[in-house]
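One chain, subunit A, links the two complexes that follow: it is found with subunit B in the first and with subunit C in the second.
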Partner chain A sequence: MINTKRRSNRALFLCPIIALGLLPLYVDQPYIYHILTMVFINIMLAVSLRLSLMTGQFNIGHAAFFALGAYGSAILGIQFGIPSGVCLLLGGLIAALFSLIIGVVTLRLRGVYFALVSIAVVEVVRVALSQGGDLTGGSSGLGNIPTLVVFGNAITGRDEFYWFGFALMLLTIYVLYRLEIGRIGMTWKAISQSENMSASVGVNIMRYKTAAFVIGSFFAGLAGGLFAYLQGFLSPGDFGFFQSVKILIYNYVGGTALLAGPIIGATVLTLMSEPFRGFTYYEIIAFAIVLIVIIVFLPGGIITLPQKIRLRKKYDYRTPY
Partner chain B sequence: MTIELRTEGLTKNFGALCAVDNLDLEIQLGELVGLIGPNGAGKTTVFNLISGFLKPDRGHVYFKGKDITGVKPHRLPRMGLVRTFQLTNNFPNFTVMENVLLGAHHWAAITPRAIFSRPPRNERQDAMGILHLVGLDSLVDEMAVHLASGQQKRLQLAVAMMARPELLMLDEPLSGMTPEEIDFLLQSIKGIVDKGVTVFLIEHNMKAVMRVCKHIIVLDFGVKIAEGTPDYIQQHPQVIEIYLGTDEGAHDA
Partner chain C sequence: MKNIKTLKLNRQITRTGYFKAAVTVICIGGVFAGLVLSGQAPLSALVTNIIYGLSTGSLYMLIALGLTLLFGMMNVINFAHGTVYMLGALVVYFFFARWGLPYAVVLILVFIFLALFGVMVERGLYRPLRGKLEAALVMFLGLSILLESSSYRALGVTLKSAPKVFPGVVNVGFTTISVERIAIIPITAVLLLGFHFLLYRTRYGKAMRAISQDTDAAALQGINVHRIRALAFALSFALAGIAGALSAPMGFISPTMGAKPLLMSIIIIILGGLGSLRGAIVAALIVGVFESIASYFIGGEMAYLSLFVFILVFLIFRPAGLFGHD
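Right, the complex of A and B next:
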């Protein structure tokens, strides 16, 4: 009984993975690959933000680490000629290091106080990037980003990017999934439920919160590097407050109870916002409408839809935070 | 006899209110000690001072001869001191089993396997044994938020036991329980003491305290007013006074 259930669950995960992996063999539409690669990047951002949310920290500054990964890997490539594959990894590490410094100072704050400081972080980073002179290209943006080369293979075509992004996203999801079901993930979720109880069984709360923040930022930085090489051009406007809010909305629209939530949320919303590209105000309105509809009709997010329409027996969707 | 826990001149003020005043306590290894007193006597404050959730203004706490004054709460379980809370619904969105597994936090092995996989079988078996001890073994997969208040208290005891305490500090473990549950839990607590765990408990249920504790400490307005066996405490004039009131007080009312 349990075995068949587990097998059907596995099939549920494997089918879309295989379908997406084989897609470039059958479809020849660079535009589609570009959009889907953006979906992958946004999924990486959404699932990595989940770590902060899991420990109960309402982080509105996630785009800052996305930006640091993007600019970090681009600048290292342009200024120092470091191989781009290494730059991608270094971008993640730069974001992680920066988040460690920020985290040690700010993670003592809880609730709305942390949220406010995280807004400040994302704005400071955005302003710093737009005032960075020749190094960051200032507000007019940073171009001339080298081609991504991984293990000697230049990744230039949209379909190659698609495959690489897909692999990187799967890796991210896998690592975060294993972390979440393991002892560390349990502890993260415990902290958001009761800090006193957690401390009384010996959890070093600051250490665990910082770890979640830093690991999440590392993957956001990785997504940033991927974004930089995909676009070939970076502008501080891509990493503002609205970008941070979007990553949060992916989580809440998809649902916060399961890891599938941010994945579904990021997919649906990225595809939805594609027609609005270049019309930021309409995009904000569209996001707002979706968010309101979800909060009113599906407070647990899209992942609770099967239960809502009774496809599935009542299941206790747990809200870890 | 070895002294497990000792406080020396422990003092805590909240503004002008003196919650705990120059308190000296001694708890012997393997004892079951009760801390009683009227509401607002400072019992929970004493617990918070010992377990590091509050910092004393003056005085020291010694655990197994070591000064633990001002040590952060999360470092104490590893040293063997585990406490519970008066009001808690544990980790509400975890199942009963997951709650107990969290109790293993400080001793569970941190191997790559432990980091990336579900808790191993031996931890689950330990947890099952403890759940059996507190009578929650039929509710392992229930969410903690759905438990009744007496069951919450028992779950909390189970979580604390999973942390393998040498000194277990229970803050009102019997509140919100039915008489049957109280009987059952008192047996469990006695069982815990028999295993060699020192238990220090705050309790309002006087009958229960008199029944199980060999040694009782009475606190009033942050001051220790009496200490001794249940018989001695029941005869103590000052204790009778604070619990039943004086003639004068009766006239005023």
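Right, the complex of A and C next:
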């Protein structure tokens, strides 16, 4: 996977970043910012789940860590009055800590077994949140979340959230990109290709898998904190099995071969379904049809589309990650 | 010599799934018996809940059997199984509640429709994936979302219900039990016998068991693997559909009604051992009765939560389940 056109690719990445960064100067519609911030949150979730998938763990429980980050940062702010910028970070750390505990015991399971454990985790977290009494607000939800203050600036408007979310997403993508192209990323990919082989050349598999799981959960927790402050209201229904499935689907629709896959998948599917949230089921139907068509007819995801229609020939997408 | 023999025998007994299941039942039963004896709960409530639990357990059993059959043969979990259950109820709503066909005819229709649907899913969606595990899992998740959201178009957002088929209650000494709950148990038993006959007394069943032992070896023996898989899909979808059709007159019919049975039957097949049919049957009854009794004492949500915590721990320490083979 040697990239020969590094310079042109860099321009390809920089253009949308600059365009999105400058958007609030030209467009003045809070609703668009809300949707785009949701896109950023979903991108953060999708790329952080990619770490689990990259080590070969089919994780359907990612929404659990999203929920822990969201509820963690909200509850810390409400109950203990901790500054909300710190809460955001602490939410990520809570998710990471929890995933460390879960990961140490469950990551030795593989394939379907791990998938089933992760379903159990997300269901336990959701029901526990809905049974949490006054602390979590129970099944009716948690309100009164304080406003987000970062370095003395209160983030209240939709465009401010947009910028903050954009920055957080870029940070997430950058960190995960550096990890992925680095030594640790190569090890993760080696583990996903053959666990026994990696173990035989001296890779501590559990440690690497746990690292991937915990780092992914940390960023999911950050995304959860951002979601909590953006919505101002949390309900356990937002973090169920379906949310986990959606995060997983972003990865598979976009394609799992490259980091661009989950980004594209999350963007396309969120833009497709978010504006119609709660209105009609046609959008979810379209969502599901897109997913099934892509899984059956375009197994590598959207990122292999240019190759399929022969726009680009040289890239080798055959390696699984 | 004799000592060694008894030791061996003991070992064999303690190794069987039935023994482990019995220990589980005794443990759960002991807790509840303690509650009854200490005066925390009336005996009649306990008996009623056990019978209700057996009937819910029978429904779960029909779903879990198909799920575990598919897992045994293809190593995938069909996440769309809950929506197949819902489709069974949907057929009952339209054909029985709306258009007034006899219930028995509707049950047969459910069986035929969902068997055909199972074949379609295998042929159109599962086979093109050529056995890729992750793609198959994602495809099933997508299928379940698709079916659920499309049935919102068919059913509407309001809860629907079907008229009762077996009305009335029956008086068993110190407590009364509604007939429709009891009626499920013999119907399930008949279906179970048919399932057992198909699986252990016919060539097709033999082929299914051969595939679940070793797919490649079965193909080398001349078994048409794709066709037998399609048959397994048809069978498991039809069973789940019948479960939905049986449950439809008892409660509300809604597109999301399949979510809980799916998760419960996932718990069941983990407890019984993934791919094990006997395990699924025993575990379905255990889980059904446990859920029913625990709901009475600690409330439905907490019963659900405790089951999931239990299965999480169980899966970590004994992923093979009660009847599973590693």
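In this section, the second predicted complex is superposed on the first by the 303 of 321 C-alpha atoms of A that agree within 3 Å, B and C clash if a C-alpha of one lies under 4 Å from a C-alpha of the other, contacts with A are read in each partner's own complex, and residues count from 1 in each chain.
Operating definition for what follows: a residue touches a chain if its C-beta (ideal position, glycine included) is under 8 Å from a C-beta of that chain, and two chains touch if they have at least 3 such contacts.
As the structure is a prediction and not an experimental result, all values here were calculated from the model.
In the superposed model, A:L179 lies in contact with subunit B only, and not with subunit C.
With both structures placed on the common chain, the touch criterion links A:F98 to neither subunit B nor subunit C. Of the two partner chains placed by superposition, only subunit B is touched by A:S200; subunit C is not. When both complexes are overlaid on chain A, the residue A:I295 reaches subunit C alone and has no touch with subunit B.
Contact with subunit C, but none with subunit B, is seen for A:V245 once the two complexes are overlaid on the shared chain. When the two structures are aligned on the shared chain, A:F58 is found in touch with subunit C, with no touch to subunit B. When the two complexes are overlaid on their common chain A, residue A:I119 makes contact with subunit C while staying clear of subunit B. Shared-chain residue A:K189: touches subunit B; no touch with subunit C. Put simply, subunit C touches subunit A in their complex at residues 71, 75-77, 125, 128-129, 132-135, 137-139, 141-143, 145-146, 148-150, 152-153, 259, 263, 266-267, 270, 274, 301-302, 304-305, 308-309, 311-312, 315-316, 319. Taken in their complex, subunit A has these residues touching subunit C: 58, 60, 105-106, 109, 111-113, 115-117, 119-121, 123-124, 127-128, 130-131, 241-242, 245, 248-249, 252, 281-282, 284-285, 287-289, 291-292, 295-297, 299. Touching subunit A in their complex are the following residues of subunit B: 51, 53, 72-78, 82-85, 88, 90-94, 98, 101-103, 105-106, 108, 110, 114-119, 143, 159-160, 162-163. Put simply, subunit A touches subunit B in their complex at residues 178-179, 181-184, 186-187, 189-190, 193-194, 196-205, 316, 318-320.
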